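There are two complexes below, and they share subunit A, which is joined by subunit B in the first and by subunit C in the second.
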Partner chain A sequence: MSTRWYPLYQRGNPQLRVFLPNFWMKLVRPTPKQLPNIVNFECSMEMTKYDIKNYLEKIYNVPVVDVRTKIAMGKFRKDIGKGYVVKEDDKKIAFVTLPKNMSFEFPNIFEKVEDQDDENMKSLDDAKKSFKSYIDRNKNRSDVPSWFSI
Partner chain B sequence: MNKIFNKILRCSVVLNKSQNVYRMGPVAIKNNFHTTSAKCDLMEFFDTKKNWSESNIRVGRAWKLDELRIKSNSDLHKLWYVLLKERNMLFTMEQECNAKVRLFPNPERIDKVQESMENIEKVVRERNIAYYKLETGETGERPVEDVVNLIGLQEKYEKKEYAIPRFLNSRWVKPYLENGYTNSYAIKKFLRLYKEKQYNEKRKARNRDYNHVQQLLKRFPDMDMELLKAEYPNVDIEKAKRTKKARGNYMPKY
Partner chain C sequence: MYRLETTKRFFLRLSRHHSQAALQNEYSDTPEYPEILDNSLQGRKIRVREALFEKIKQLETVEEKQIALNMPRFYGWKCVMLRDDKIPFNAMPLVQCYTRSHFIPVENLPDAYCDTVKPAEEICKEVKSFIEDAISIEMEGVARNLNLSNDKPINTQKENEIARNLVRQINRIIANNGAEKFPHILSMQVDHDPRHEAFWFVGGVDIPTGVRKWRKQQSWYKDRMNENFDRPVQYIGSPFVALRSHLPLKPLISYNEAENPDFKVEKFSYTPQNVGYFSSFRHGTNIPGFWPGDYDEFGFLSYHGRGHILSRKDSFGQDDNLEALHCQAIKASFGWLLAQANYQGFTTYNDITYPLVTQTVITNGQLWSFYAYQLNTLVMHNENIDDNPKHNVCFGTKPLKLYETIENGKVKGLNEDVLKMLIQFYLNQPEEREHDLKPYLGKENQIVADIEDDNKRCWLESRYKHLVSNRPKHFLLPETYLWERIYKIQHNTRFHEAKRRPFELGIYPFKRRLNEHLPPYIPKALRPYPKSKKKFETTYYPDV
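This part shows the complex of A and B:
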């Protein structure tokens, strides 16, 4: 188990038990709008539908009705400097259906930060304005230090 | 992460407490033993709400091997799942930050969790080997064999299970019986060229060093010869001194 190498056959053919799973899953924002009880995940390429179901039910205690998966091909792009073709990694995307009465909405994480952004922009504008006025004031006396003033 | 460490620390503290209590009587355990309640929800994939607007999230360090070695198997098992959830949370937050073109605060958290998980696996492996050695006299690790591979080079082959024995596997056995691994023309040619390439690399390195030593002797005739000998052990320095390249624009000393 710690070698992460599973035998083809064992006497008695016991069910495979994984004690330290190293699968990862991340919850992603759905690109087209979806039903409220469907959640999108990106997960390790090795995970099967059964793995995903068990993972969510046993580790996160989330009831799962159905799992559909697809493998999204990574994008091809040209390297900016060299011009050779680069391919991004493929991803496995899982669409997990929760029971009818449950719903999940992807939270807006940067709500507070957006408010702060407005304030930051305001202060930046103020600074720009004051700098502009300072430049205008000293237009006709170049080479004079800023402290040389009334 | 800090929170997790606290949780685990608390768990271990509680366990110790319960051990002390055990001397008093088994009834007391039930009252004193408690673990932090696991919040099971899809929101576990996200950081705590407090950290959403933070630009700098301070965390502790990764778990060290020695700290993990003194933990019990069940503790390691619990810690593994804590770390697994933490890693999923960090991956989710990183993905969301990238999607919204925001800075992901303290990305080194992922590395710390990763390192802790690797260390847990190392400790479990150690214990596995120790157990197998005690019980069977073998390590229980995957056996490794030195083999000559398809292009005639030495290779470590990690053995794996097959559904049929080797002699029944006609696809593997036929070319092997007909040619042997290193008997085919293509492999002989490859090995010849490969050896030539390796020899050339060696030869070029030798010449490069020899020339460099000559240039050094020309530029710095009074340098420490022992140091030079230590730096370039394969170069015959006495020979290099007498060459034309090593002679500077001054009267030679010999």
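This part shows the complex of A and C:
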């Protein structure tokens, strides 16, 4: 990815060709209750609506009907340990409209992770239960060490 | 939870009866219980709302009703703005739901126009040559010096300008020729570029993200996170030419048909920002192109431009452009009829008791589309959006070519069928209705001008006109500055300062009511002789 500032093209100037512009788009989860043919992206601040349309059409072959963009203000937070207020960077958010008959559903990326989490939680619950039963069992002999048992 | 509502007043009334020794009235053969009221939060809220609807219904004059609609907001409602010439991609479902309109695509005009076919043919023969001349002159024979503005694309403005002039000519030609045989055309009122505005409430729309976030923090909203509220909607449009008559048009279909389940419109609950409609703060206005009290107060025909189609993106496609035309017609017809209904004393809270009809033409000179619209209902606020069985109906044609080309100053291939359809619109005769047209207006005072009290009449008149002018406020709008948001609201870093700003005192400035202001001060020298302690002038805001 290039980080060079390319001069604006004026008629008559030699045309610089940008092969690796600082353009990126990140698919983000839509706000609750959004039309099924609208997709939300975060993208680099320099991208215009035309850039967004071309990016999706030329690289990913996504048919784009309309693009609306907004610049969302970054959040303000207290710097940890320092206590003063700092601001996160602004984001450019693009709402891309697909043709009427198309719909997009945000994929569940963490399906596997969720399964794993479930398993982990199960074993944790089991451990908790056995510990509870151990405590209950030894309720009346608090001074006895754990190995002193049948 | 239902339980008997026993109010203090009820006990009082009973005891008074008792003291008047009307003992025989106290007992009856069958026990008489007071009405069982729903005392859940929802039930109580609905009762408060219904009381408001009733109060607005009881107001006598049109203007007072309009002020009453705006009473809850000093700074105006945050309205979803529907403009006649701004139609985003795929707007049809939203427009249909917000206007409760069922759209029926047709090839010819609906059955109600059958009687007018023959006279239309005759008039068509008479006016054909005049219309051809008008088209060739307006399209090619005039060198225009256009006053172009920067807020719309140039080709849009050019097309609209040509169409505007041509429509005026065609209206003149048809009206002049038809007036002899059809006296209702003679008495018609013609408006050029009138102001058509309409305001109503739509319920059943999803809550915006900000409200959702706020509700998550409130414990009492736990069970009703997704409860909808009313969205104020404002239509603003301006046709090229609008014709009005003293009597309303005949209904296209019978009023009972309005409850036909075939006309059901699908609910569109997504927020309007999803489609591309945005909101702005303004007072709700209902203006059908004239002020209350005009003699000709029913819409007959309106001509609209279609220049905005040129400024739509190519990627929207031809199908969506056609839908956009339908949307424009539905919005324009509903908006105009709603404003007219408001002048008859109905509001978005008090439904009309009879159908109203208008005819709409969308044209650029060459392409003409014809729409006939019947307004059956106008309540669609939160309590009624699901229960109201009535729907409005719109019949509409595709854009039809009036002529093929213009060669050497001559119109080639004039399509008489299209011209006939237009003339049929003119021949649709308005009729006297047998029922009361203004059931919710007062017997003596129907408009503010009827009020005898000089002070009240003048005050209401000027307040109403100022309200619907939507001029900017004299003082700056209240604002929470960004630094306050950062350092006072989001992060409590200035806890040592005195709390004086509205958000620190728990006041939301935009909830201020319309009458929450000091009335004009009466200087001592102007107070009535000999002594008067009345410092401020009287206001006549409706009590709602």
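Heads up, the rule we're going with is that the second predicted complex is superposed on the first by the 109 of 150 C-alpha atoms of A that agree within 3 Å, B and C clash if a C-alpha of one lies under 4 Å from a C-alpha of the other, contacts with A are read in each partner's own complex, and residues count from 1 in each chain.
In this text, a contact is a pair of C-beta atoms (placed from the backbone, for glycine too) under 8 Å apart; a residue touches a chain by one contact, two chains touch by 3 or more.
Quick caveat: nothing in here was measured; it's all calculated off a predicted structure.
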Contacts of A:Phe110 with subunit B and subunit C, given as first, second, both or neither: first
Partner chain in contact with A:Val86 - subunit B first, subunit C second, else both or neither: neither
Touched partner set for A:Val144, first subunit B, second subunit C, both or neither: neither
Which superposed partner A:Val39 touches (first subunit B, second subunit C, both, neither): first
Which of subunit B and subunit C A:Val65 touches, first, second, both or neither: second
Which of subunit B and subunit C A:Leu124 touches, first, second, both or neither: neither
Which of subunit B and subunit C A:Lys78 touches, first, second, both or neither: second
Partner with the higher number of touched subunit A residues, subunit C or subunit B: B
First, second, both or neither for A:Trp24, with subunit B first and subunit C second: first
For the subunit A and subunit B complex, residues of the former touching the latter: 1-3, 5, 7-9, 19-22, 24-29, 39, 42, 59-62, 104, 107, 109-113, 116
Residues of subunit A that touch subunit C when the two form their complex: 31-35, 37-38, 64-66, 68, 76, 78, 85, 97, 100
Complex interface listing, subunit B residues touching subunit A: 38, 40-46, 52-53, 77, 80-81, 84-85, 87-88, 91-93, 95-96, 99-100, 102, 117, 120-121, 124-125, 127-128, 140-142, 160-161, 163
Footprint of subunit A on subunit C - complex, ascending: 88-90, 206, 209, 212, 269-271, 274-276, 313, 315-317, 320, 486-487, 490-491, 493
